[in-house]
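Listed next: structures, encoded as structure tokens.
First subunit A sits with subunit B, and in the next complex the same chain sits with subunit C.
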Partner chain A sequence: MTKRSNWSIPYFIFLVLFVVLPLVLVIVYAFQDNEGGFTLANIGQFFSDSDAISTFALSLEVAIENTLICILLGYPAAYILADKKLNRSAVTIVLFILPMWINALMRTLATSELFNVLGFTLGKGTLLFGMVYDYLPFMIYPIYNILQKMDKSYAEAAEDLGATPLQVFTKVTLPLSMPGIMSGVMMVFMPTVSTFAIAEFLTNNKIKLFGTIIQENINSSMWNYGSALALIMLIIIGITSLFNSEESNAAEGGLI
Partner chain B sequence: MMKKFFARFYIGILLVILYAPLVFIAVFSFTEAKALGNWTGFSTRLYQSLFTGGMQGGSGLMKAVENTLVIAIISAAVATLLGTIAAIGIHNLRGRKKQAIMFMNNIPMINPDIIIGVSLFLLFVFLHIGQGMLTVILAHISFCTPYVVLSVLPKLSQMNPNIYEAALDLGATPHQALWKVMVPQLRPGMLSGFILAFTMSLDDFAVTFFTRGTVGLETLSTYIYADARKGGLTPELRPLMTIIFLVILILLIIINVRQSKVRGEVK
Partner chain C sequence: MAKKIIEIKNVSKSFGDKDVLKDINLYINQGEFLTLLGPSGCGKTTLLRMIAGFLQPDSGSILLDGKDLEGTSPYERPLNTVFQRYALFPHLDVYDNIAFGLKLKKVPQEEIDKRVRRVLKLVAMSDYEDRDVETLSGGQQQRIAIARAIVNQPKVLLLDEPLAALDLKMRKDMQIELKEMHKQLGITFIYVTHDQEEALTLSDTVVVMNEGRIQQIGTPTDIYNEPVNSFVADFIGESNILNGTMIKDRRVSFIGHDFDCVDEGFGENVPVDVVVRPEDIYFTNDPARTQFTAKVKSCTFKGVHYEMFVDSDTGNELMIQDYDPYPVDSIVNLYVEPDDIQVMKKERVANVIEGKVTGAGKVELFGGEFECSTEGFEEGDEVVATVDFDKVDLLDNLEDGVLNGEVYFILYKGDHYHLTIRVGDGRFLYVDTNDIWDKGDLVAVNIAANDIKLSRKND
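Then we have the complex of A and B:
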């Protein structure tokens, strides 16, 4: 038998070239000055730039708020959808998944146009509302997925043993659905903290998020500072993904 | 009974909110007014001008749609091929090597698209590769392939390795055994990997934005972005969005009906 494990070699080379090397370049550029020498000035520039710091804080704040609202609104929805007694229609589930398949820019544009026609002032309120609108399905789906696969007998056993409905929920259902919530958090928090176009649409460019600053710097050829900002975002993402346990990956699969 | 009523009510409200913007766009795709929100009577003129190319606002919308589809089809096809071969290799790897390649495979899935875009932009600058359609496709392959790998791997572990050996024992060449025994069993995983890759590519904005260079390449996403920046939304986007919305709705319903049929048969 030919060595099948060698079949991974082309992809290995591809990954090194198109995934690892680009990230190494971000780090290299972040610590380089215009002449190519080593410097900490780019990172320092971020920490001394109060505008950049406040934008960074705002991005984190919006991403956290958006994630929390999505959990609060999405969990009950996922719970209802997964409950055979409350929902028997597969079409309802399709309707909740469908927005995930439509281009995010298109959906965001539709939202901001609707806000305009309804006469809402575009600002922080519309930004949050639009983000929730964009990302809610990404929270509902993994939670729904895990609730649906959950063994109902655990909850029944708890009931038989005298737990109140509230106890059943807080002590059995909720802990068992944590992996779904965690992968929902990953699917909502990560894109919101790094978005740029969506925020521009939803606030008519009045509010800048961190992604926009990265884009502006890269596009105006400030590659070193732009890379430093990208590196800072990369660190945030790295920290967040550490919180995400491996088991939650199970909830993501099987979109189709 | 009350519980059921509240549940229905809650789901109903969420759906109304989720779909209000899409329905709004769809309704106003059937009127001619340039400004969104003005109703000047029923008309299908926007649909006609979308397809005949007689754009009121900006030309190039159909070209952007074409680019989007070409990029998505090529990227998804290459990603499926690369990802399937990789999955077969990874399946036969053990220990550290397997961990290392799976770790790298996970990076693009966790990495936000803006970082993927910026980092690939730096790569193409560093390697002095002129940016355009080719770099966009390479970039899309890089973030699509991990999903193919993850769709094909479970099919490989479900597969009985003896069947492949049996084919060899019965005189099949390794080539025949691969195509006649292995590939048919991997096909469902390859298909869902392809569909995932295809939609990821269609949906992308940030990576395309950073890797398309300055040759004027527009995809639907970058077209919409540029359009919104100018302020005036091309009216033909309304019928286009309506059509895309309906196509996806019909596709998803077909897929789900077929799936529940398959499940019913298994039972």
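Then we have the complex of A and C:
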């Protein structure tokens, strides 16, 4: 073993302690009954627990809605930020990124207070607002990044070949910015599936998301069922991320 | 007579306070291969981008088939561009890149297939339809970029330094192929390059540009044999550019000798620039033919010919190209044929600078305050200052001068350098000096008080 490879040992220990070990524990707990014997009952309980399933469906729905809203709001914002004619100052970019400097929990608490003061009823609307507010910068930034680096001559070449400004966008700019959209989706969709704090504060626990149920189970010492739910969520997120990386490869490879 | 397809009338353009194009007038005939040639920053690419529609002229108009193109977006113009760095769409394969324009025009699929195959054959890339453009070499990408443009059968094909990124061998091959394509297609080509050899090889007409102005328009042979000014002579091929005096019609004096020439109409005893190409100075053993003698300073083999530098008996350095070498330090007899001497009117004989009297003994020129005699002028008077080329001092230390400038262009005139200095406000100052400077050097400019001659503006 060379000396240089010794440098990786601290990272290796860190990974084992904080990533691998917790994952193993989640898996072990998920397949254990109260006496510590092997069982599939925890997993089975989820599929017969209609509450859990509908919460899970709702979580996915909210995550998808949040992601879509973030794309619809974030793409034009990124486009304007990246266009030197429309945005001449770096300050605007910082303003868009600025909320990321403040802890998400604090912003969420502040938002919920604001809704209270304004007299809004907390519900799905306020939940989505909070999520979009929290995650929008994560959508804008990767799209902005890719648009800003994009060679202007692609758009010029398309226009030169007869594309109207709209066609330039749909046939060249949008497909070429797909990798940016995909990493934005990854950064917005995956954390929203498992979020629970935003739901707690912005709906007063009226709406429960999947993360909330896991938290509740763990809190009430139902570690085995909670672990099983966490494992199911991990698998689902894992599948979507596989789907995502295939998509972005395709975008680069030219199938769109 | 050939039909004019594009006319450019009084076009000017500036970016910020920098004038990029100044009053350009030009027409391009149907089917012509026209090249815009000039050093970087001369405005040639700006002009091409205006024809394509990516930039709008500040004033003047561009006509296509007699119709003003103002307000016509690039996508509505029946022109196509081959971009310098190709700009092939990385998310599409070769076929879809080429078919891009045709699909937008809703050409039927069979027709698209047929035309894509035809242009792929034309650029010798037949089996590459399904290839990813990023897997292609530079030369292959170039061919696809050309195919993508010509498949639309544009009225005019615009090419922006299309071969600049290729290596020498590939560039030579592509030049021949481009010329061949131009012949086959019969489309008008407007080609932008800074490579004079490429321009001479390819073009029917060459437009030489510098500092935002057209210097000369002509066939490659015209441009080479009859350059209109020292810039063109220096830019196109190798040349000896010398100060001379037109004694009378058909008689010119330079390097301290009098020569017969074929130029007339300059007047008597008028200062001129003289250009003699290095291959037009001949060696002789015949004393009757000898016009002047010189000492060989260096002799280098260049493949086809030898390139020699000689010092004439009057101390001027000349470059000579000949098939036979002559030994260094030997004294040789030389002559020049009358019709190989190209005489050009001097663009200017001294710096003429507009300025303003700012106080007793003080004048503002190019934004700097110089001392000089202001007798007969009042503070605030607008004046014109005349300064001889050899009376401008250039200094290394930027703090020592009234003005700072950048060496923009250097012309060797046999026994001294003629420099163009771009001063702070973007205007030009011309300097004769024996000192060696490099292009891009930052210099300080000083002018002695008694070398500035003032006269009233509009006198």
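By definition in this document, the second predicted complex is superposed on the first by the 241 of 256 C-alpha atoms of A that agree within 3 Å, B and C clash if a C-alpha of one lies under 4 Å from a C-alpha of the other, contacts with A are read in each partner's own complex, and residues count from 1 in each chain.
The rule we apply is simple: a residue touches a chain if its C-beta (ideal position, glycine included) is under 8 Å from a C-beta of that chain, and two chains touch if they have at least 3 such contacts.
Remember, predicted model here, so these are calculated numbers, not experimental data.
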Is A:Phe14 touching anything from subunit B or subunit C once the two structures are fitted on A? First, second, both or neither.
first
Looking at A:Leu105, would you say it contacts subunit B, subunit C, both, or neither? Reply first, second, both or neither.
first
Winner by number of subunit A residues touched, once subunit B and subunit C are compared:
B
Touching A:Ile239, do we find subunit B (first), subunit C (second), both, or neither?
neither
By the touch definition at the top of the document, which applies to A:Ala157: first (subunit B), second (subunit C), both, or neither?
second
May I ask you to decide whether A:Leu166 touches subunit B, subunit C, both, or neither, giving the answer as first, second, both or neither?
neither
Can you give me the overlap between the subunit B contact set and the subunit C contact set on subunit A?
253, 256
As the complex stands, subunit C meets subunit A at residues 52, 54, 73-75, 79-81, 83, 85, 87-93, 96, 100-101, 104-105, 132, 148-149, 152
Enumerate the contact residues on subunit A facing subunit B in the complex.
1-12, 14-16, 18-23, 25-26, 29, 73, 76-77, 80-81, 83, 85-87, 90-99, 101-107, 109-114, 116-117, 133, 136-137, 186, 190-191, 193-197, 200-201, 211, 214-215, 218, 223, 226-227, 230, 233-234, 237, 241, 253, 255-256
Once bound in the complex, which stretches of subunit B touch subunit A?
3-4, 7-8, 10-11, 14-15, 17-22, 24-25, 36-37, 82-83, 85-86, 88-93, 97, 101, 104-105, 107-108, 110-116, 118-123, 125-126, 138-139, 141-142, 145, 149-150, 168, 174, 192, 195-196, 199, 202-203, 205-206, 209-210, 220-221, 224-225, 228-229, 233, 237, 241, 244-245, 248-249, 252-253, 255-257, 260
Interface with subunit C, subunit A side, in the complex: residues 151, 153-154, 156-164, 167, 171-172, 175-176, 178, 251-254, 256
